[in-house]
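Listed next: structures, encoded as structure tokens.
In the two complexes that follow, chain A is the common piece, with chain B as its partner first and chain C second.
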Partner chain A sequence: MIQLQNINFSYQKGRTIFDDLSLSLKGGQIYGLFGKNGAGKTTLLKIMAGLRFPQSGSSITLGQHAELRKAEMLKDLYFLQEEVYVPAISIRDYVKCYAPFYENFDNEQFDEYLHLFEIASMDDKLTALSHGQRKKVVISFALATNTKILLMDEPTNGLDIPSKGVFRKIMTMAANEERLILISTHQVRDLQFLIDGVVILDNGHILLNANADDITDKLCFKITDDTATDEPILYCEENLRGNLLVTENIHHIETKLDIELLFNAVMMNKERINELFNAKN
Partner chain B sequence: MNTKNILNLLRRYFIEGGRKDITTFVFIVLIITLVSFFSVSGSVGDSMMVFLLFLMGLLYAGRIFNIFQPTGRVIHYLTIPASSIEKTIANGFLVYIYYNVLLVVALLLGNILGGMAHKLLAPEYHYIFYMPFSMNNIISILVLESIFLFGSIYFKQSAAIKTALVIFAFLLFFIILDTTLVGSYFIHSNPESIKEAETVFNNINGDLIEYTASILAFVFFNFMTWLRLRETEA
Partner chain C sequence: MNFNDNKAIYLQIAEWVFEQILNGKWKEGDRIMSVRELGTLLVVNPNTILRSYDQLQKMEVIVNRRGVGYFVAPDATDKIISYRRKQFVEKDVPAFFKTMKLVRMSWEELEGLYKKS
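Here is the complex of A and B:
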């Protein structure tokens, strides 16, 4: 659904954001996009949506060159910004304004998501709502558009704790076999049990692009009292519960993916991670 | 190009900004009514009112895209599922047709209301209605609006003012260039060649050249607007 090939991008001369970056993302998956501050996560989403033009390379989204921003592509793509923009109209009018652009917009779904987020009135003016409430409305709208691609930039920023739970619930409801959802975030815990694939960005390159099963097949995430293990340790972190370890999974033990530990392990063992997952990249 | 997308863009405009337009319309009608009522002839036909109406049209054209402030609006606008050409056409319709019709209706309505009020107080008064829209005026306003439309997507802040300044600077440049060239020609030429030049100028169909140049300028600036919108990044 999204194909980035040999993307080179820089904002200013001398400061390269992406250097020959290639990435392929398929439908029916929820991907988490992770990276340090300034790694270029938002820029990558913008390139996919045709909002930024790479200096070289191609960005093909839904079979179209993204930078052309053709209507056929845009009607099947929704880009949810970190700081959502809303016009000074009611929620009802917002739907009247923008839903006709999306052929598969589902009013019932929208109402249901708003209900789950406890947004009671459709007549509330969007600009009168708090930042978090605006975000809930726009997230509900984005999911109800039923576009084939949904790009979300820090969707849980600004949401209160109960709403983060609701977010996870409605994301599960909105995911389907065709839809590609790419979520860029630092709030890894919000996505812990939600994502199917992990994309890690560092220094202009994709360090890791693998699905959760592949990761847990090759890596082991465990809490132990000591660090004695025959498996090569990629990352170790001490906390009150014990030692949090990421090791290579040579004994094929089934463990649960911990994104935060994975991220740290990847950052500290770039070459080894590349060797382990290279076949998949 | 999909007509449905253009209609959806217009519908979006009217839902988001319709109320503002009604308020502006009522305000313009009120002003014209008052000016018409207090003017000696009882009808607003003077060049000042026409100038003000034109100015409002240009200000409106200079704000039509208005997508750069606040931050986030540009992404919101660019990702609306319609192509750049559909967005340009929708905004062109609003600037060239909708808003000009609104101004003409406001002028008509204000004129009639002011004239009627004047006649109530002075029955001997003969109401003369005057609409100051000649073909030349219409072409000039459309060309100027196309420049302001381009300015509204080219400049990120205070687009209308910046566009006006650029036009002013260009005009000044051409006036200086024209004065210098013509002045130097007259100083350095003999009376016979001046006479020849005058004959050549008199044989040129000035109106045709003006209309052609205006149409070309109109098409050019609309094309530039589309191109700029297509190239806008967020």
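Here is the complex of A and C:
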């Protein structure tokens, strides 16, 4: 559904953000996009949405060149930015204004999501709401558009603790076999069990684009008392529960994916990770 | 639901389903929650639930009636018990014996404890 090919991008001469980057994403998946600060996660989302133009390479979204911003693409794509813009109108008027752009917008879903987020009144002015409240309204709106592609940039930033739980719940309600959801975030723990595709961006390239099952097929994540293992260790971290290990999965044991450990293991073993996963890329 | 050990999530969910069946919350022959419903209940990606259900189907604990939904197999309890037994014998028992030897516990002592329990 999203195809980036040989993308080169820089904001100014001399500082390269993307260097010959290629990435292919398909529907029916919730992807997590991870990378250090300044790796270019937001820029990548903007290129997919047609808001930034690469100097070379092609960005195809829903079969359209993203930079052309064709209506066929825009009606089936929603990009939730990190800082949400809201006009000085009520929630009810916001829906009246913006929902017609999305032919599959579902009012009932929108009401249900707002209800779960405990936003009671549709008559409140958006500008009178706190940052977190505004974000809840726009997240609810984004999910209720039922677009085929949903790009979310740090959606849980600014949400209070109970709302993060609600966010996870409504994401499982909104995911379906067709929809492509891409979430860029640093809040790994928020998304641990939601994500089935992991994309890691580093130094202008895609370092990893793999399915969760694929990752646990190739790597083991475990907590052990001793580090005596015959499997090559990619990453080790000590904490109160013991040693947190990431190893190559030579004995074909299925373990639970830990995205935080994975990220650290990938950063420390870029070449080996590439060897293990490059058949996929 | 808390996922806390090293085991893959889809297997932990399968075991959660075993619990529901063994303690009678989900009865043999009953229709169970859809993939999406269970995903929302446990706050887990629906694709992960699908993988659990595939596994449970392979183990013949649940059956899929196309277009209708998933059902608890008529002999699910027996299937689960024999699976659990196998796990117990292959994994738990050896670890238990190892600890017994470590703490130098005799059979007689163990038997006494068993009778008291």
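To be clear about the criterion, the second predicted complex is superposed on the first by the 281 of 281 C-alpha atoms of A that agree within 3 Å, B and C clash if a C-alpha of one lies under 4 Å from a C-alpha of the other, contacts with A are read in each partner's own complex, and residues count from 1 in each chain.
Here, contacts are C-beta pairs under 8 Å (C-beta built on N, C-alpha and C of every residue); 3 or more make two chains touch, one makes a residue touch a chain.
Remember, predicted model here, so these are calculated numbers, not experimental data.
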Overlay on chain A: chain C relative to chain B, clash or fit: fit
Chain B versus chain C as contact partner of A:Pro100, first or second or both or neither: first
Which superposed partner A:Tyr11 touches (first chain B, second chain C, both, neither): neither
Vertex chain A, arms to chain B and chain C (CA centres, degrees, nearest 10): 150
Minimum C-alpha separation between chain B and chain C after superposing on chain A, in Å: 28
Residues of chain A contacting chain B in one complex and chain C in the other: none
Contact set on chain A toward chain B in their complex: 46, 49-53, 68-71, 74-75, 77-79, 81, 83-85, 87-89, 93, 96-98, 100-102
Residue numbers on chain B that touch chain A, as the complex places them: 2, 5, 8, 11-12, 15-16, 70-73, 75-76, 78-84, 86, 230, 233-234
Chain A-facing residues of chain C, complex: 3, 5-9, 11-12, 36, 39-40, 42-48, 51
Chain C-facing residues of chain A, complex: 28-30, 165, 168-169, 172-173, 175-176, 193-196, 212-213, 216, 221-223, 254-257
